[in-house]
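This report concerns only the one structure given below.
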């Protein structure tokens, strides 16, 4: 491996004594130097969660060897759910959008200014509003309008495009279509959506209208992994902004836009840094 | 009236041209100098909201005269809902508590340090935990335990105590009993409750448990005027705090306490400054 | 004037009795219906501040007439500083940038998605990094590198470009050059800068390095009108984000970027809505 | 040791490979089960920071044995700065106050409601305002007024009281006196102060006046360990609140009070949980 690269290892399992000692000993024996370790035991659920990263400068195993030896020595012994990543290879994002483009512009800005080390080869939309911006940024754009009749067919086309472009993560950047269970299953914990309310308050459509009617003093946005239950997926990030009686629905929508872009982008950032872990429909977000 | 006193006037009605000109001319003609005016028209609902305050140093009407002349000249003409207050007289608060006393301690601290210009002659509880602190601060304490059978009777006793102590505002400082419609009616827009969640998320009992189960990244608290519909009253103030997977229910409860005290105290502060106005089950909170 | 247009009037002067009555009577007499009025008297400085807006549907004065009559009847009488605006005409922005383009992308996104009703005909830079994005969005780009020797000359060229493009507001979107007193004078209260710290903490260069050294737990950003005293201009908007010991300088810079874009954009939004007023090197920001 | 007790170990040293493996192996070999581990390496400064906690149910070393074996086996080997704590024994706090009592009331409330598992045997003040509240809560109160002449003598008296009451932590809860270098030295990293500004902005006296003059849009508060350099000690916690032109100095002071109590209390909470570590005049605050 190259200098400056890191291995990141995510583990969750039933809590048992000795896991950390065993894992850190494994890293140490093979010449890795640990940079960051964030571990927590949920004593109520008896669950062990850990993210550990080490530099590979003097690490003497390659990717395949890690895979094999770790599985054999440790993963089986502790019945771990585990996954490791080697940094340095940009992740490939596909953006799904409908008519509202503020999240799209925000993400493209982060990519263009190299804030995110990612590649964005593909934009898919059920509308045509994003076509021009896709062309400006030389990104393949596919217009796949969805009806009840063609939904299965269009999702198949989407799936094919995702594979063809070697996509790692699907971002629903204000994509106003419900995905099928099959699609979600194929991309489990690799589809991030932004919902324009502070879930579980105001799920479903038109949350800003509901917030206006209820007279709340704060509105929010929620990013989550997509599951079969609409707006019920594991929450990655939330944030809020204050509103007053001077804010009509249009003003709530305007204030909400900044929330949506921020909350979605923070979730994507956490994901591409491998700082998210999903268990029991909840996320563990490491520091 | 005395120097440094102000008159505060709250108005809401259907929007019509000329209201502000008429009101401010009235103030000016009688020698009042306006200190602050916060007006907004809700163009969707065609509603006019205004709070105006003026100093009384050269104002040539007394309280009765304001009442009569304003009603005759302006309130009738514009079909106003209106109310005015003269500053300088401490408002009298009754605190209703159960077993958890953090909001109680917070409010007593604000009173003792003269942050709030109020009097607190009365604490009512369905438990006895607060008795000692009431005695420390020389406040009358009444233990009125509530059962299904004695509820009407105990509420009558509460009402009598409130009248006897000339109470202006009832604060439910973590009072775990539901008030009857009659009681609420008698104290319409003069009972403030604190709910320990970010309403409308997690209404009802045990919101911190629900928040933990759902895996939210933010918890909140909501203060509101009490209405017949539990947790559905007009919201006065809300705030939030971030939580992580490291926070178990006990930790959420602990973090929530600071929220509850702050959000309740901010609501009471707005109320005693006459900066709240209720209409259509929503509040207008003036600056 | 057209339907749905509003007149917005900003006033500040020494406080005197009768100003609001006189102004609102003027509006009413000429058929204007007030939508929003936000007035405050600074009793310490004896200063009167007001923003008032009314619809023009039945208003019987045109722009010239407002100018003349208001000046004659009211402005002179109360020695007002005043300015009025009629909504509906997009303001024209010039963006000054250097090498970092995150604020630029953010602003272009708000323009393209019609969040802001503005025109952006001109980007000026002392570097060439922004040239490609300017071309993507069909905006005139002028590369005007600055040295000690050519500064006066280049500023003259900038001034000419601003006039030629009928610019209303100059935005220093991470423009790393100090403007001369003459330039600032010509654009008094019409140049908005973003400083990447929570002023007055960490003025000057490399604030994120200083924040890291000091070990602060919160970093900030500050947008302000540009004055001769660097980082001392009237503050329009500030915001902050939490940081920990896990954030190195690079991470502070990354977190700071979101702050900078948000805080700059909120300031521009307040400005183009005519909700800012400058007096005594401080801003009044209306609701 | 008792059930439900935990050992908490804080370590910082030069980074070297193998520290975590060695420490966690030590815990595991002696029957401890790790509950939480938060480790980070500052790669810029090459510093290793760790907080680790384990339950003692099956741990086979007592306090003395931990001390000896850990020192011998691990601390020397890695040249560690280290400290361990066993939970379960309430820490003893001394409160130093002057005339303003809001932080005092806040802390007493947390103690009385058992939010904090602490003992508060001692209040020291250079004024008499707090005497009555101390008496209400049955806390020893010592009035030690400070002049230039008697300062050394009074500090000696303070020191004696702290020892006599077996104090673990000194809280300057708005204590308006500068402590001598000797006093600070004796209580290094065990005195927490609250400064009423967002440091490093507005150090020194009257920060709210300075904030008002500068026209900031946000005010803050900062809690820190006390060092010889006034307002320059390692920051533990900071927070902010929004202000507007409607806030005069008195209003800033009022809003600031809530900040001060919260920021001070959060710092104390982190300290008594052994989640703070000081190095190079900066704090590491563990999760």
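First chain written, first letter: the chains are A, B, C and D, and each begins at residue 1.
Just so we're on the same page, contacts are C-beta pairs under 8 Å (C-beta built on N, C-alpha and C of every residue); 3 or more make two chains touch, one makes a residue touch a chain.
If you're wondering where the values come from, they're calculated on a predicted model, not measured in any experiment.
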| item | value |
| --- | --- |
| Label of the chain whose CA centroid is most distant from the centroid of chain D | C |
| Interface residue overlap between copies chain A and chain B, same or different (over half shared) | same |
| Chain A and chain D, separation of their C-alpha mean positions in angstrom | 37 |
| Centroid spacing, where centroids are CA-atom means, of chain C and chain D in whole angstrom | 42 |
| Contacts with two or more other chains, residues of chain C listed in rising order | 36, 40, 43, 244, 246, 287 |
| Parts of chain B lying in touch with chain C, wherever the complex brings them together | 15, 17-18, 20-21, 24-25, 27-28, 31-41, 43, 50, 287 |
| Footprint of chain B on chain D - complex, ascending | 36, 100-102, 105-106, 108-110, 112-113, 115, 133, 136-137, 244, 246, 254, 257-258, 262, 265, 287 |
| For the chain B and chain A complex, residues of the former touching the latter | 40, 42-44, 49, 198-202, 214-218, 220, 234-240, 244-246, 248-249, 281-285 |
